[in-house]
Each structure stands twice: as C-alpha cells, then as structure tokens.
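Notes follow the structure.
Chain naming follows the written order as A, B and C, and within any one chain the residues start at number 1.
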Amino acid sequence: MLTPEILFAGLINGLMAGGIYVLVAVGLTLIYGVLHIINFAHGSLLMLAMYAVFFLWRKPLGLDPYIALPVVTAGAFAAGYLLYRALIGHFSHGKDENTLLITLGLSIIIDNASLFFFTGDTQTIDVPYAGHMISLGPAFVALPKIVSFVAALIVCLLLGLFMTRSDTGKAIRAVARERQGARLVGIDVERVMAISYGIGIACLGAAACLLMPTFYVSPTSGHAFVLIAFTIVVLGGMGSFKGALFGGLIIGVVESICGLWLGEQLGQIGIPLVFILILLLRPTGLFGAAR
Amino acid sequence: MTRGGLPFAVAGGAALIAYPWAFTSNYAINVGFLVLFAAYLGQTWNIAGGFAGQTSFGHVVFFGTGAYVSAILHVTYGVNPWLAWPFAALAGAFVGWLVGALSYRAGLKGSYFALITLAFAETGRILANSLPITRGGLGILVQADPRAANFQFRDPIWFYYVALALCGLATFVAWRLTRTRFGARLAAIRENEDAAQALGIDTFREKVKCLTLSGALCAAGGTVYVQKYLYIDPWIAFGVDKSVEMLLVGLIGGAGTVLGPLIGAGVLHLVGEVTRDLGNMLPWVTNAQPLSIIVYGAVLIAIVAWLPDGLMGLFGRRYSGERRA
Amino acid sequence: MLEVRDLSKSFGGLAAVDRASLDVAADEIVALIGPNGAGKTTLFACIAGFAKPDDGSVRFLGQNLTGWPPHRICAQGIARTFQVTQPFARLSVLENVMVGAYQTTPHRREAAARAEDVARRLGLGRQLDLRADALTLAGSKRLELARALATRPKLLLLDEVMAGLNPVEVEEIVGMVRAIHATGVAILLIEHVMQAVVSLARRVYVLNNGRIIADGSPAATAADPAVIEAYLGHGAAARLTHGGARA
C-alpha cells in the first residue's frame, strides 16, 4: 500500500525526473514564444538526441553522457538551426494549424527513419555509477538522477542568464514580444528565429544526455515525450519560462505518483488527463498570457 | 459534386462494383478493401476536419471505441457481431458527442482542438492497455468462424463489398453535406465562426452534431476491422498512426471535398506500395514498411506547403459549391 | 422596438461604454456617431451579443435579451454587419448569402432563391458564383449587407458600412440602405461618413468616452456645443461661436 515513505520516494523521484522535463519543456515553450510554432517534432528530436548519446557512448567512442553534454548540446543547436533554415523557417509564417501539420510530418519522418535505421529495439546505456543510491530521508534515489536534476537546473539557469544578459538573448526576447518592431530596430529577425529554434533543440540535446543514464530510448519514445512536453507547456502557459519550470516539476511528480497509485499501465493516464483538464479549464495555463 | 457529376458518380460506382470481377486475385481484392476502407475512414475524418474545419489529430479514438465495443460484446458477451455493429457506432457517437461537448464548451479550436483530440486518443489507448475488460496489452482475439451470419467471410470479396458499401455511405453523407443547411452551416463555421454566429448559427451545437456524426461513422469502421483481422489491441485501436492516416487521406485528396478521400486513399496506397517495393529491392533492407511511412510524412509536408487544397484543388473549386441553373 | 438602458461595459478598469441608453423605433433609421474610440462598436457588440454588458439592459420587442449569445439574438430578429467585413472567404457569394437565408428556412431551394433575390437587389447579380474573397471592398460590403438581410431581420445594425468607400459607392449603399428601410427594417448605424448620416438618419446619438452626450436630429446635434467639443477639442465650441469662420 502507499505508505508515506513510498509516497515521499515517489515525490522525490518525480521531482528528479521533473527537472529534466523542465529542460525539455523550456525548449518547446521558447520555440512557441518566439516563433509561434507548436513544435510537434519536439519529442522525436529528443529521441534522436538520445540515440546520438547512445551512439557516442558505444564503443569505439565510449563517451560518458555527462562528458558528452557540451558536444551533444552544441550539435543539437546546429541541427536545430539548420532544420529551421532548411525547412521550418519557410512555413513559420502561415496558419497555426499548418505549421502544426508540418511539424507533425517531420516527427513522422524522424520516428520512422529511426525505426528503419535503428530497428525497434530499445537501447540503454550502462554507466558505472548508475547503481549508486543516495538516501534522502526515507527515500533512496539513484545518483545519476540527482546529478541530472542538478545539471538540468544549472542549464536552465544558464539559459535564463543568457536570455537576460546577452545581446542575442535580448534580441530573442524582443522578437518574441513584437516581431515587426524588432525588425524596425534592425534586429535580423530570421536569424533570431533560427537561433531560437536552435536553442530549443539544444535544450533537447542537454536533456538527452541527462536522461540516458536512467532512461531507455526506442523509436517510439518520441510519442511519449511529445505529450509530456506539451502537457507541461500548456500547464505552465505557452511561452512562459516560469511556467515550464513549475510545470515540469509538477508533471514529473504527477507522473510518479500516478504510477505508484494506479500501477505502471494505468498510471500513464495521469499525463493526458492533466493535459485534457488544463485545456478544458484553463487553456492559458498557470502563467500564460490571456488569449 | 455538381449536378453534371451524376453520370460520373454512377460510372465510378459501377466500376468499383465490377472491380473484383475484373481483378479476381485475392491480392487485388485485398488491395481494393484496403483502399476503400482507408477512404471510408478518411471520409469520416473529412466530415469533421474538412467540412467543418475541425482538424482532429486523434480521430482514431472513435475507431478504437467502435473496435473494442464490438469486440468485447462479441467475444466476452457472445453478442452476434452484426448486432454489435450498431452499438459500436452508438458508442462512437457518444464519444464524439463527449469530446465535442467538452472541447467546444471550453472554446477550443484550431491547434488546441487538434491537441486535445490527441490526448483523448492517448487516454483511450492507456485505458485499453490497462483495463481487464479489454484484456490489456494482450488484446482481444476473435474466434475464427467464417460464416456470414457471424460477420466473417471466407471469401475476401465480401469484405470488399462491405468496405464499398461503407465508403458509399460515408461519401453519400459527405455529398449531402454539400446540399443541406447543416452542411452549409458547417462550412460557415469553418470559414468564419463569428460571422456564422451573427447569422443565427448555434456554432456549439452544430460542431457537436458534426463530431457525433463523424464519431459514429468512424466507430462503425472499427467493427469491420475487427471482423476482418480477428484481432484488436490498444496500439492498433488507439495508436496515432491511424489518426495520421485518416488525416492524410483527407488532406491529400482535398479536405472538404466529396471525392477527396477516395482520391487520397488511392494515391496514398499507391505511394506506399511503390515505396515498399523499391525499399525491398535494396539488398540490406529487411522491413521496408517504415520507409513508406517516411514518405507519408514527406507527402504531408508537401501537401500542407504546396497543395493545401489537396489534389482536388488542382481541379479548381476547393469546395463543392452551389451552381445555379 | 430596441430599448437600451444604462448599458455599461468595461475592459480592465477602462469604461468603454458608460450608462448608455438609446431607443430605435420600428420605422426609424437611427445613427450612432462619435469620435474614434468613443465605444460605438463595443455598444454594438453588447447589443448583438458579442460582448456581455457589465450593467444595464437591452430589450427588443419587449424581450430582454441582455447577455444572450449572438445566434439567439439573430433569431430574435437583429442582424449585424461587421466593421471589417467577415465573408466566408472560400464560399461563393451566393453560398454566403444562403447561410443567412437558411436562418428562416431549412430548404436549400428556398434558401437559394431568397439568397439570389437579396443578392440581386444589392447589385451582386453578376458575382453570384464568385468566391467571396475575390470581391472588391464595395462588393464585400454589399455581401455583408446581403447576408445580414437574408436572415429577414427586423432591426439591422450596420457598423461603419461606408468606411473605405469612395463617394459614388457611398451614394449607392445609401440608396440600398434606404430601400432596405422601405421594406420595413429598422436600422441602427454607426457611421463616420457624415454624408451618409445626414442623408439617412432621422435621429442621431452621439457617443463620447462611452457616454451618450447628445441625441436629436442631425442638424441639432451638429450644432450642439458638447458634440463640437467632443470632435474638435475643449473650447472649440466657444472658438467657433466667437471666431465664426476663423475657428
């Protein structure tokens, strides 16, 4: 039965996972806030990044995911930037639904290309410290989870500093607030949008490195993640960083507690239910701007 | 379809009826079934997504509901599948009503509506995967007992005609939408909801009616699937692949047109076959199936980007319009 | 037939409409004028059901329809046009008007016949099969009118229907509005184009900062100092009377 100890452990584990979800959601909400694109390919791109981490970890490279983090993040940024320039940028000016369909098409391509090239097997990585358990009160938490949690929050903090202190960050925020006005003051809006998309995907690169020590990856992972990411962003409010932060942690906990309470199969229902409830009751989310 | 289209419709219908007599191999008949069935499901999507502009990403929720309701009634409760069929449609109508009433009461439209339908479908999948009544991840296996009275046919030609009949029904419904007040109101809602309201249209009620209708028809397809393949599981019933297929069939042909889904199903099948064949020719390929789905994704992007009115759009009118005299 | 009493509507603390009252009798053409931002469209929105008033009431033919949704208000006999035309872009002109005609009949042939008749009366006879988004601005305004008219309203709310039209087009629409009125439809119109107001309206309400500051004949309100000040600024009325032509 659900004793307080078990609940506490569930809470802690949920928070740990939530930290990484925050990173995933921040990318999505940034892309929406600046580009007004609902990036349906977000989950698939995360899955791709996780495969990248997997292949980097495999012999002959044998790169530890935490060490690979800067590399994967930079690579993800480049990939996102190029993807925007080559494909998404051409369609980011149309109707909302159309860009949603285009990113849906992109996710289909990525998911099935992965299925084709990597086969349907799930892949995991083994890191030497994976088994280390740290006790936090009555709960035992795997060391990588704590490291990932802390790392995720550090990356968010760095991103936050970048957005507020750097010129590019300010330009991004300007474009998010008022695209035409930004153009008029000389900001290269197209470049800013490409950079924003790149940053959004870079977050996925970082998240992938932090997820792989304790998660698995398979071509169907994209589906699961995209719904989680959207739920967080809708819960927190589209375009809101604060929302992504709180939303990510809340969803991590909801997922964990639901899994404990309803079992592994039915517990998955927590996420889509939260998503449905938020859309029905408060579509602007906790911190979103009124529609 | 305009008044002048009647001869073409009759000719087309006759051709489809005659098809299994011209192409008698089991393979050809099964292809015919697949295309007509896909056209049918796409048409049910088209009713909501094309005519009323309610782009749904989770239409499979209706299909899955119908499939499971009839499978459970038949396998667990011994109900004859022919009898279970209308109940499946009714269940689909109920789910359509529920999704519509909730979503539209909350004022959801466009992308938000698309996403919530996805969440409903996912909820359906998880429920089907976890509840004892649906046998969870094992799925439900229907005992093979090929008698007509049992809605199972040894000769695939009968399933072909069932699919043809359903397709004809759905296409007829779509055609009626172009000639009735209900359809005109849905078109108005699609184009401009505020203006529609100002002209006396209760947009909430019409949209819910539309989704209820679409849900009922789509669910009926679920029963046919179970009776043909004798197996259903949460992924088949509620997986996002089928939603995408329905959406694609509707969009490629031309959303909001009567014949669009038929064309779309044909084209999509052709593209899929060709891709699979080409893929299998490559020496290292064991399973070319994902390749054809990759092409589906590319086709989706291409249609949205360059042919938003679908293939029917190439012929001029994007909607089936009124013609005088 | 239309009685608006003490209608108020605020947006985030700013009163867009402040205790406005007006009447429209069944045989009248009444104009609602006022400087930009006065709250005219908000008042219309409250009457037509597109905004819920915070206070006050709207009665039509004795029925209190304050806060009703737009489709029910249309069913009662009030039709409106939009300041920025809202055509059903991809439908034909005829189909557009048919949507209005369907309000009072479920039958396609009847709706098509009535729609065609209304469209022809408004000069759209040659464009019946044209897509609505292919019309010129003047055509688009006529379509807006035709569509609203097809619902067989008792009261027509026209929101700046003359905006953007050249004087010739204005004259044409004025003629059409007069003809519509002659068939027994009451009209309440928001207008900036004074030529139209003076030709059409028997009575004029002037709205400024959400409040009705004057009502009466067009001539009387034009001379009203409060109205002059609303348009030309504080002290303008005094300057006008003292300075004559030099104002």
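Criterion: a contact is a pair of C-beta atoms (placed from the backbone, for glycine too) under 8 Å apart; a residue touches a chain by one contact, two chains touch by 3 or more.
The shown structure was predicted, so the numbers you read here are calculated from the model rather than taken from an experiment.
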item	value
Contact graph of the chains (line, ring, star, complete, other)	line
Geometric centre: closest chain by C-alpha means	B
Separation of mean Cα positions, chain C and chain A [Å, integer]	50
Inter-chain centre distance, chain A versus chain B - centres from mean C-alpha coordinates, in Å	32
Chain B and chain C: spacing of chain centres that average the CA atoms, whole Å	44
Residues of chain A defined as touching chain B within the complex	38, 87, 90-91, 96-98, 100-102, 104-109, 112-113, 115-116, 223, 227, 230, 234, 262-263, 265-266, 268-269, 272-273, 275-276, 279-281, 283
Sites on chain B touched by chain C in the complex	179-181, 184-185, 187-188, 191-192, 194-203, 318-319, 321-324
Parts of chain C lying in touch with chain B, wherever the complex brings them together	48-50, 69-72, 74-75, 79-80, 82, 86-92, 94-95, 98-100, 102-103, 106-108, 111-112, 116, 128-129, 147-148, 151
Residue numbers on chain B that touch chain A, as the complex places them	55, 57, 102-103, 105-108, 110-112, 114-116, 118-120, 122-123, 126-127, 129-131, 136-137, 240, 244, 251, 287, 290-291, 293-294, 296-301, 304-305, 308
